[in-house]
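Both complexes below contain chain A, partnered by chain B and then by chain C.
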Partner chain A sequence: MHQMHGAGETGAVQPAIELRGIDKRFGAVHANKSIDLKVEKGTIHGIVGENGAGKSTLMSILYGFYQADGGTIHVDGRLCDIKGSEDAIAVGIGMVHQHFMLVEPFTVLENVILGVEGGAILREGVDKARGELKRLEREYALDVNPDAIVGDLSVGLQQRVEILKALYRGAEILILDEPTGVLTPQEADHLFRILETLKQQGKTVVLITHKLREIMAATDNVSVMRQGEMVAHRKTAETSPEELSELMVGRKVLLRLEKGEAAPAATVLEVDNLCVETSQGVRKVKNASFSVRAGEIVGIAGVSGNGQSELLEALGGIRAVTEGQVLLNGQDVTPGRGVDAAELRKRGVAHVPEDRHRMAMVTSFSAKEAAILGYEDDASYQKGLFLNWHAISDATKHLMSEFDVRPNDPDLKAANFSGGNQQKLVLAREIMRDPELLLVGQPTRGVDIGAIEFIHKRIVAMRDAGKAVLLVSVELDEIMSLADRILVMCDGAIIGEVSAADANERVLGLMMAGVDPHEAKAAEGQS
Partner chain B sequence: MDNFELVILLLDATLRTSTPLILAALAGMFSERSGTINLALEGMMLGGAFSAAAVAYYVGNPWAGLLAAIATTICLSLLHGFACITHKGNQVVSGMAINILMSGLTALVGIALFAQGGKTPSLDHESRFQPITLPGADAVADVPVLGSIYSELLSGHNILVYVAFLAVPAAWWVMYRTRFGLRLRAVGENPGAVDTAGIGVVAMRYRAVICSGVLVGMSGAYLSTAQGASFLQDMTAGKGYIALAAMVFGKWRPFPALFACLLFGFLDAAATRMQGVILPGIGEVPVQLVQALPYVLTVILLAGFIGRAIPPKSLGRPYVKER
Partner chain C sequence: MSDSVQLPRWIDVGALPLLNLLLALVVSGLVVLAIGERPTQVVEILLYGAFGYEEAWGYTLYYTTNFIFTGLAFAVAFHCGLFNIGAEGQAYVGGLGVILAALYLDFLPFPIMLIVAILASAIFGAAWAYIPAYLQARRGSHVVITTIMFNFIASSLMVYLLVNVLRPQGSMTPESEQIAEHLRLPFIHDIAAGLGLEMASSPLNLSFVYALVCSVLVWLFIWHTRWGYAIRTVGANAVAATYAGIEPGRYIIMAMMISGALSAFMALNEVMGVQHRLLIDFTAGYGFVGIAVALMGRNHPFGIFLAALLFGMLYQGGAELSFEIPTISNDMVVVIQGLVILFTGAMEHMFRPRVTRIYTAWHLRRRAQEAA
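For the complex of A and B:
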């Protein structure tokens, strides 16, 4: 067991990890610019930065997934040449990836021993691993059934398997890349307790995240990255979310969205007992009933994969419903029964899908082509049998300046815009049509903080103009700051509704985990 | 001839016709379980059959032919791997290209070497795999039922038939009980997990296609030097595809694939038996109809009428480290 040291202040202790001058380019993108980083032994060290700041690249270099173009890596004061994951594992580095690196049809045990089977024939290794796993589970309170099939486990448990994998390989340093993206707040709290236990056992933890709340709650030290550069190192106790966000963005940002009271008017969207099944017959949305009125934003919260995507796709007309009814201004527009996405668009429903690259745009198109997708048969874009590219170009320029899409070049390939600018272009396309109802999914996924602020303001402006907005997001902060009413989905069903004023993270988190709203509120009352 | 004897004969023929299917299906399994679609089985089998017949003819020894067949199919597997694993090409296209290439190349080389219209010369007794009489088979031949099952059904096949049937439990053991098998299955499901565990994905997939090459090579050699006595142009006649179908029908698992191969082999054997047979009420069964049965069944099975097969998750997808 390692000795505990007070964050390495003794001076004699070598840092667990020291990076010197790490540099990495991907073609034209300079992902890491001469990065220096020290992580003290036995601490939890946070690395924050916006999407694309280079955090994941840096950690992938440390784990041997990529090779740095320049710079050196020192572990426990020794210079290490990490050429591949096996080298990283050998010096005691373990990593929990954002997208789990698990083999779903395998058992927990098989996943844990993969790569360290301990012999050409599995049996002996498996028996040894079973004992070792028992010990690890006891020591770190990581209960998982070793014979369970990983694909059947919940996301939180799968994450534990990833942690067990790293510990089984003798990891002294554990890197977690955006570990809470798929967890409920309660599961995230549990994770942080596990990390705390690891720290007490002398392990070093590196936590990569873009959520400042987690940094403040769980870390001892924090490093901030911006556009490939390491811009600051702080002791968590001596900094604040405001300072960190300013460091991340490079300017002051409003963390709280300013918005007035909603003035809900007539009901625009009425969803009654809606059920949606996948082609395999799995019921993804179960008897959802709700309404959205003009002049309000209704948010749908839930852990990713609980049916909210399917619900949004059904309302957007791209997925047929199995049962139930959808009314728009009192008229039946149930998708799959003679009503499709194009028809819904004509009736004033705009849809910003969750997945920008897969559904909202064709990234190999130019901006002006992307800007007319779905509206390409609009009369103003036609010239006889052909498209009127002059008119389209002008219209796109207008959209781009209105939504601050940079660079303002309608001929640039959509893929060459940053995520935030792509998303602004998609929003511009949908919002500038002046729809009655805006369906919007994950409006700020993979979008930088500056653009988030802008997008949020535009969505609120839609509401203030008397339009109905349905927002689906897995980011609780986003839901809580934008929505006037919040519906929570769990396992395909709408568990309950909370008004924005009553909402807090604990209640929503419990509901997202499937707890009845009344019980959730009662539990909240007791604590 | 009584019915019992007829059944024995039919099953005996089933064993012989299903042998190349079993070897090729296992070959397909090794490749596909590691994530590489192997549509090239057909062409590889053809290449193996040609090499085996040609070399056995020159050397006068079937074992030399077998080694030549395996060498040929390993080379073809490496070619397939080079296109699909190293260069991340389309696996279906690469497989089809190999099939078309081998169909033409075997005929071309055959004509150039032997000038017999694409055939290889008939092999003599010494250059073919001969039936093996299992110990005591003659002694028990007169024992009713069990005796004739042993002496006529189980005994009297060539070595490759026994190899094929032993290869099934062996493949199962390798796949589910060894480190190699665990890694092979993992690399077909989630190569990222294998990579981050410190194992080379590319090397793992190459090893899997080489295993595939060894097995399909035996299958090709069986056609031309054990079942037949020479190579004939396009003699595989779709057996590679049927083996692949059997493997899919067997859900990428050795024992279910074995049963699928036996079923296909039985239909094939039955088709031969049914020729000219007059069924009451129907009359003479058209030969073509019976011969088409295995193929019709393949289509029905692949269309998914019997259970849903879940392929390895990364099947057909080259491994690219994502940024």
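For the complex of A and C:
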């Protein structure tokens, strides 16, 4: 699978991209420190690094979003001055963003020609584009209907539209920024097949990711970034995930979490036939029934957008349920029927929501203000009519030192902490209350590897202390390493349960795509 | 973009508003030049008119009192993410509360009347703000639209009441009866005289002290109580508020009612302190200028005090100006005030990107020098 280019061959051909001494500062942050990078023509080149290592900044410089403070960019051996994305497109660089830049009500074809319509009358451009699209699809087996409405397509297909857009603009070099974050494992595999085809057609692919599995599976070469520096270049065939993660973090990390057997006790949370609808009347959670016992972690796996978020929000008291019942230690706490988030908190339900910035904190607040969100009525924070900021400040310092939040400064604005430190602060706020039940969504989204390890350990520690934990995550690795039982959600329904011991990526992936668990296991048996 | 450092506080709340103010004065100067007067002379008269003699101070602070109330009113709602344009109407209806109390409970001794009048204005103003607040919180009707409409409704309602109900028999003017002498708010110069101090007579009265008290109370409420915390959470991120169990609707209503009450306190100054009766349109646009005051003061009571003082100065100095220089008519003064509102309120952020860029460059150079 990995076709390595010999030294003699690369010596003759100019690299597709060569960056020399790229340097970039954002105020006090030195995001890129004199970066050198060579990407050989016709290869898939991976760039890995923790969040905040400077990968995205580097690619944004290459694509013209930012101007480097120093250094040069060479494309096909020629020095290029890339001032904006149009310059990048002109020299044949295309980018597929993490968040798609598509107009949802438009058709695939309309999206592809957006910005390159070619003249005032659409007709001509459209006809030309149709022919060109047919050719591109044939050549790269992209399998997208040009007349489909983009909003109706699955996320995987939308991503292919993005790739088509780049190819239509004549991209020879394709940059993909965290492309698999929203895909099922099967969709991701399909994406990698497409990338392989692109490579065989002579295109060059740069793949930015923090998932080492993908680097190992899909790339020819890999470069590792750490804290704004390029720390290593490796041929993928000559390295290992262990070596790469060590390079990324600068020390050895545990890839698999060490945890003992679960000792489940009494049922804490019982969900019976729960249905949740949006305000438009769309049913997001369909008749979900399950339970979580004290001393176990139940994971909910699923492709993002299949009702897990709504389920978690309903259990956290943020969303009213339309049908069904929720019992906490045998007592009815069905949200929307006189029970809200504040009431649930009082009864010992802690909630770490999926979206840190939108929900878990107010980013314009100071850390100490963020640290009392949801607990602002707590008696220990009051002094008569007023909030006792001294006590709050001390409590925040305590939370911060317990969860190693850096810097340990309760007065710093929440927005000025890194993602990992924000998340640790939120977890500290919720966990240190010693709740009966911890609801936690995407605990490590946008969090660097060092912090992931820490967060996972604290969640397992909760379980070992005899608490019930419900974990929602779209990262299969996370679910598989943390959960004792795994429920799979697809299209709002819980379609099956797998014990952690029986789980593997393929079975879960098939179930996430809606395949019946028995069939999924049978399919797994045949392969 | 993230391509910059955070501005220090002294630039954010000090230098930037001053820069805006300066620009407003430069443009005003050009206008003055265009009608053939000397800008330096205008500034001189303006400053002299506002601060040059004892009586001028009294007038300036009298105007300032109104702006503090309406500025605070806007700020409290703003911290909850609401744009309360209705201070005008809320103050107007608050005036009704004051006059009803003062005319129909005139048997009360002054200290009790003071409390009753404060409560009456607060209740009337808060009630007038409650309806738009309820509609926003429970029905999603935008508070900007409803408060504007409620200004008109208040205006019509008050005209009706003044003409048909409050007007004394035989009187031809649509205004209420006079408040009994012993129930009026004492003037500061009278208080000073009681203490043996000689002060020039001016409309400045006890309500100015109350405005300062309210400033402190608002500061305590917004930053040092859990309700203020909840209001700020709702204003900054309603989703996070819901997550925390802070029901946004409840705090929207609370913030608007406090805002309405603060607006209504303006009536203490105008009705109980100066006019001693309810006049048609006694609010005279103070409610709207309060928006600019609050924005310029960054919605912080101390900033609001400074901004209110500035607008008080413009009002009093402007009056002097139209008196001293006949070519600068009252309309001209309104133009200058309008320019200040435009630059400090509406175009508050005009210089921000540029100043941020300059500061960032300077900051980086200094850092580089320190490193070297």
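The rule we apply is simple: the second predicted complex is superposed on the first by the 517 of 527 C-alpha atoms of A that agree within 3 Å, B and C clash if a C-alpha of one lies under 4 Å from a C-alpha of the other, contacts with A are read in each partner's own complex, and residues count from 1 in each chain.
We adopt the following convention: a residue touches a chain if its C-beta (ideal position, glycine included) is under 8 Å from a C-beta of that chain, and two chains touch if they have at least 3 such contacts.
Owing to the predicted nature of the structure, the values given are computational and were not obtained by experimental measurement.
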item: First, second, both or neither for A:Ala217, with chain B first and chain C second; value: neither
item: Touched partner set for A:Val362, first chain B, second chain C, both or neither; value: second
item: First (chain B), second (chain C), both or neither touched by A:Phe26; value: both
item: Touching partner for A:Ala265 - first (chain B), second (chain C), both, neither; value: neither
item: Touching partner for A:Ala141 - first (chain B), second (chain C), both, neither; value: neither
item: Which superposed partner A:Gly317 touches (first chain B, second chain C, both, neither); value: second
item: Overlap of chain C and chain B interfaces on chain A (superposed complexes); value: 26, 66
item: Interface residues, chain A side, partner chain C - complex; value: 25-28, 66, 316-318, 340-345, 351, 353, 358-365, 369, 372-374, 376-377, 381-382, 385-387, 389, 416
item: Residue ranges of chain C touching chain A (in the complex, touch as defined); value: 1-6, 220, 224-226, 229-230, 232-233, 236-237, 239-240, 242-247, 360, 363-364, 367
item: In the complex with chain B, residue positions of chain A that touch it; value: 26, 57, 63, 65-66, 84-89, 95, 97, 99, 101-106, 110-111, 113-117, 119-123, 125, 165
item: Chain B residues within the chain A interface of the complex; value: 177-183, 185-186, 189-190, 192-199, 313, 321, 323
